[in-house]
Amino acid sequence: MGPLIPNGIIGGGWDFVIALLIGIAFGFILEAAGFSSSRNLAGVFYGYNFVVLRVFFTALIVAMVGIMYFDCLGWLDLSKIFILPTYLGPMIVGGVIMGFGFILGGYCPGTSFTGLAIGKLDALFFTIGLYLGILVFSVAFPLFEDFYSSGSLGNVTLTDVTGIPASYFALAFTVVALAAFWGTMLIEKRVRKNMKQYKF
Amino acid sequence: MHIHELNPWRTLIALSAFVVLLVVGFLTMQKPLMAYQLTMDESIKELTESELYFYPWDLEAVIAKETDTIILFDIRDRFVFGQGHIPGAENLSANDLTKEENIARLEELKEKGFTVVLYGEDELQGNGPLMLFRQVGFSNVKLLLGGYNYYFQHKDDLYSTVDDDGYLKGFARFDYADMAAPKEGALNSGAEKKEVQVQRREKTNVAAGGC
Amino acid sequence: MNRNYIFLTLLMLVLAAGTVFLTMDDEPNQVDPEILLQEIIQPTRYVSTDQVAKMIIQGDPSLMLIDVRSEDDFQGYSLPRSVNIPLDSLLTADNLSYLGIPGTKVVFVSDDDIRADQMWVLTKRLGYKGTYVMRGGLNCWMQTIIEPEQPSDDASYADMETYSFRKGAQIYFTGAEEETSDGAKVEVQVQKREKTNVALGGC
Amino acid sequence: MNVNNTIDNQPKYINPYLGGVLLGLLILLTVYITGRGLGASGAVKSAVVTTSNTIAPSATKANNYMSQFVSDDHSPMYTWLVFETLGVLVGGLLSGLLFGRVKKFRTDHGPNITSRKRLIWALIGGALFGLGSQFGRGCTSGAALSGTATFALGGVIVMFSIFGTGYIIAYFFRKLWI
């Protein structure tokens, strides 16, 4: 049955309407969960607020487990969904650069848009920074064109690489995430006790 | 107050709704009539096995009802079946093969340990159903070589077909390269000899149902 | 600490553990057995040797002949423009790339039609469309095209028509007359190479 | 009694687990409908390509990277992710209005840093994030979250390198936040 648009069940004309609706839901959830504040976001790295970890990993395991069930129920054809292509080197480097960006900027792109929506100036500056960063990348692209497309493994999934069924990964991620939820509660309590003031 | 001390009742509702959705999905899921039991590799490998097939001379015992674990299914349509069929065969038209009760019947026969022998007009007609049933796990299904046509021509003397190869398929009956080679000279002795050979082979081929 | 969190944790664990016991469709691209069976019982997949001969002679670019016999047999004799994919090596990516090219008619050829039909069932299970079986295979090809049998004098007009076509095809395929043989051979060569290129580009 | 982060002065955020479950279901829905996950940085990329294409069309066409996203039929802004991002802005605003968080422009910053410094760091951080997201084929939502949710190897790599780096360097930049 699904995915609906690639299978032609929903016409391509609805594409952008659906994009807008999904975006609204995405933005609403992010903002409502407190992702519009860079202090909340950065808290995950300093142990005073693990909201990022909670939302991120809950979403991850729910989506992973849900995809497995949807596949089993025949609602989703896994061969038709988009699998992010893997570029080993560039992705590690990109991830490291993004890690720096996260600590310094306190946002990631999606959350900065929600911060912007409710009037956070730092979110505005972060978004301008995003724009400049991508502009710099595009203009300087010839410099690292070779590196950019190096280490390509194609659109591989974890199962393709390891041979372990996807459901085991879903289970492993779930166990780790749930353990992390309980573990971070203790860390959070201890760190917060020592903080003088922290307004969300 | 820590978040873990608040009641996450809305989270519980959201997750429960998801679980309910999945349960409804499982309850409304239709069990497929058949599912592949053999992988592609196994299916290909199986084609080389001889136990897929039932040989015409073995029919003698079935017709004489000396064995009660073999059931013949005629997959030709009802009209042709009425005009003539192997004694003791049941009609199970190819068009009805996908019917649920027929699959259930096969299932039942498999459990009881029956061997099901399919036959069609010729081997080709039964080949597809044989392969499919094998692939979905009916390891008790076999195919009668030569089909009804071969049986019909030899029904008076089925034992003698042990020495015949007319029902066998899958090998060259001619020397293709030689036959298709450009013929420059007129009839020389070699060509004549070959022609005789062809004639003979041709006859057996017609017996096997032609092409 | 709220007790509902413990419940949530357990619920999520059960959900995740449940995925391990799901029966997954490992090969989702394959055609559902029921649909495959429905296609199998249709006789529309068979093409006659005459039709194949006509398509070869006309240089039909959408025709792709796939010979499913062994490599040795293929070396010994093969139809013009045919590609060799022995039945047991079907599943290599290289061989599969010949199939499923939009707008082509793939015709399987073997000694008889059984092997070709087996190939057809296998490729159909893999979901390839536009595949056919040459009825009678090469044995029939020899009898009808290479050495057609002359119908008796009182045969119907259609039979005579078929015979005259086959006689023409015989000349084309065996080069029984010297003049036509060269031209025909060259044309066949060109077609074959072109076809191979298209097939390779398709993947 | 120096802990004043009690329930009274916390803004009313929803339970993070509720947010997580809803977000997970949203990803599932998105994959179910469109066959691919969510994203964010792609919209900014479209904006970059659009401005570049307006100012210097020939240079954009000559650029091997940007030229992939330029099409003659429609503007580079006419993509799925741009519409999705517009939705994110609207959705964020809706939530902010609902929970009373839409106020005049303000800046979040740690106790040991001024607003001005915070803005400069945000700009630098944003630029780094923009640069990294192009190498990583997506940002936290596109690559790390949606990618990992669909079991893509690339998503896992991006996720671990973002958070791994974050934890390694967090100590050195603690002045910014605590």
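Chains here go by letter, A, B, C and D, matching the order in which they are written, and residues are numbered from 1 within each.
By our rule, a contact is a pair of C-beta atoms (placed from the backbone, for glycine too) under 8 Å apart; a residue touches a chain by one contact, two chains touch by 3 or more.
Just so we're on the same page, UniProt names per chain: A = Sulfurtransferase; B, C = Rhodanese-like domain-containing protein.
Predicted, not measured: the structure shown is a model, and the values here were computed from it.
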item: B-D against A-B, pair bridged by the larger set of C-beta contacts; value: B-D
item: Centre distance in Å when chain A and chain B are each reduced to the mean of their C-alpha atoms; value: 51
item: Mean-CA-position distance for chain D and chain B (Å); value: 58
item: For chain A paired with chain C, centre-to-centre distance based on mean C-alpha positions, whole Å; value: 46
item: Overlap residues in chain D, where contacts from two or more other chains coincide; value: 14, 16-18, 21-22, 25
item: Where chain C touches two or more other chains at once, by residue number; value: 8, 12, 15
item: Multi-chain contact residues (two or more partners), chain B; value: 3-4, 6, 8, 11, 15, 18, 22
item: Chain-level touch network, classified as line, ring, star, complete or other; value: other
item: Chain B partner contacts - residues on chain D that touch it in the complex; value: 6-7, 14-18, 21-22, 25
item: Residues of chain B touching chain C in the complex; value: 4-9, 11-12, 15-16, 19, 22, 32-36, 39-41, 43-45, 47-48, 94-95, 97-98, 123-124, 127-129, 131-132, 135-136, 169-174, 176-177, 179-184, 198, 202, 205, 210-211
item: Residues of chain A that touch chain C when the two form their complex; value: 61-62, 65, 68-69, 71-72, 74, 77-79, 165-168, 170-171, 173-175, 178, 181-182
item: Chain B - residues contacting chain A, complex; value: 2-4, 15, 18, 22, 25-26, 29
item: Chain D-touching residues of chain B, taken from the complex the two chains share; value: 1, 3, 6, 8, 10-11, 14-15, 18
